[in-house]
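Structure first, commentary second.
As written, the chains take the letters A, B, C, D, E and F, and residue 1 is the first residue of each chain.
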């Protein structure tokens, strides 16, 4: 017997856990890709140009993530559609 | 029953997000090869990323079909 | 108290789980290695030559997997043999 | 209560060790680029490794700050 | 008791398979360096793969021996 | 109600598990980095120079691990300090 309140709490927790793990993976991807790209030879501090590169790289990486996500979801839906046509 | 449906949906969302992360790392390396000059994707990078995802899916589907056809003969 | 039927079912399940995870890892390895090798610049569709490359690459990757597996198992058995000789 | 404190400490130690392993692999590739001639780090390699860790942390902190400022607008 | 033996065997099989996957990815990169012309391994690729596995095991065994000899002094 | 003996046993187990997983990760890092660096073209046996390279590489990798660990811990403590000053 689940009360509505308990159910909502479970749903909220699951959503938060998902969104936290998504944010963690995104941060990891940005750090690895942008450190690699913007800081080829790490010096004794982040130079102005390295700093600017990191900020732009982060924006670009998020744009890339969104493009990849959009294309991937479109493609999955297309494949599901093809299968259903094939099953007729 | 509603909760079960909710968890099935969340699980699918998680899979899609996790695959998006892997594909972004892979396609970023193939498509964003020049120095960063601004925070937006240019036309070439954008179409390269979309093509990268689509061609990776082509390879993926071809592999699964071929392996299914083999029926795991090789090992 | 395990009935023979229950035991067989558990064994079957464990085998299936193992073989599924093995197939998943093999598919991942093929996808990553062959996409990298056959599609250096992803275009608007898979060209005929890219397609042929993917099929041959997959066959070659499976042959490589088998060669690696064979060598690895031979080596492990050899090391175990050496240890037993050393213990005499 | 003592045990809880002990486990919290151990968990933090585990996180630091696991991040140390990841950073060592990353910074080794950036900083140990010539052939191995002996078992010690030379001055350049050592300062490169320390800078690599510090600059990676700079990037990490900048990323987290920027993402927090966006408040997850993008997706 | 029979089931316990079965699970010990399955676990060992799983470890060997998982290590085989990792070694295949590693040795594929070292040994299959030219363009793909057909689906079979040529002689050079095949001997390179076998040598790659054997030499990796040599390195692995040398590392474990040396670390055991150190007894974890360094950290 | 935990007896002192049980508590000590739990603590010992947790420490051992941690230290085992730390050793496993270190061995993995050494194997991957030093095989890559010292054995570019695997031959039919490990040559003398490859062997010497592997031993020195291992020592160097452990020195690198220690340098990274020291710098990382120093930096974390510094960041925690900065935050506490910022909170005043």
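Heads up, the rule we're going with is that a residue touches a chain if its C-beta (ideal position, glycine included) is under 8 Å from a C-beta of that chain, and two chains touch if they have at least 3 such contacts.
Just so we're clear, the structure is a prediction, and the values are computed from it rather than from any experiment.
Engineer: In this assembly, which chains make contact with chain B and also with chain F?
Structural biologist: none
Engineer: Which chain's centre, taken as the mean of its Cα atoms, is farthest from the centre of chain E?
Structural biologist: A
Engineer: Pick the pair with more C-beta contacts: B-C or A-B?
Structural biologist: Most C-beta pairs in contact, of the two: A-B.
Engineer: How many angstrom lie between the centres of chain D and chain F, each centre taken as the mean Cα position?
Structural biologist: About 12 Å separates the centre of chain D from that of chain F.
Engineer: Just curious, how far off is chain D from chain C if you go by their C-alpha centres, in Å?
Structural biologist: 32
Engineer: Rounded to a whole Å, what is the gap between the Cα centroids of chain A and chain C?
Structural biologist: 29
Engineer: Taking each residue of chain F in turn, which ones touch at least two of the other chains?
Structural biologist: 26, 32, 38, 55, 58, 63, 65, 69
Engineer: Can you list every residue of chain B that touches 2 or more other chains, as numbers and ranges?
Structural biologist: Where chain B meets two or more other chains at a single residue, that happens at 27, 31, 52, 54.
Engineer: Which of line, ring, star, complete and other names the graph you get from chains that touch?
Structural biologist: Graph shape, chains as nodes and touching pairs as edges: a ring.
Engineer: Please report the chains around the ring in sequence, anchored at chain C, with chain E in second place.
Structural biologist: In ring order, starting at chain C and going to chain E first, we get C, E, F, D, A, B.
Engineer: So in the complex, which bits of chain D are touching chain F?
Structural biologist: Counting only chain D, the residues touching chain F are 2-3, 6-7, 10, 13-14, 16-21, 23-25, 27-29, 31-32, 35-41, 45-46, 49-50, 52-54, 57, 61.
Engineer: Taking the complex as given, what residues does chain C use to touch chain E?
Structural biologist: Contacts found on chain C: 2, 7, 10-11, 14-15, 18, 21-22, 25-26, 29, 32-33, 37-38, 53, 55-61, 63-65, 67-69, 71-73, 75-76, 79.
Engineer: Give every residue of chain B touching chain C within the complex, in rising order.
Structural biologist: That would be residues 26-27, 30-31, 48, 51-52, 54-56, 58-60, 62-64, 66-67, 72, 74-75 of chain B.
Engineer: With touch defined as at the start, can you tell me which chain F residues reach chain E in the complex?
Structural biologist: So the residues of chain F in touch with chain E come to 19, 23, 26-27, 30-32, 34-35, 38-46, 50-51, 54-55, 58, 62-63, 65-66, 69.
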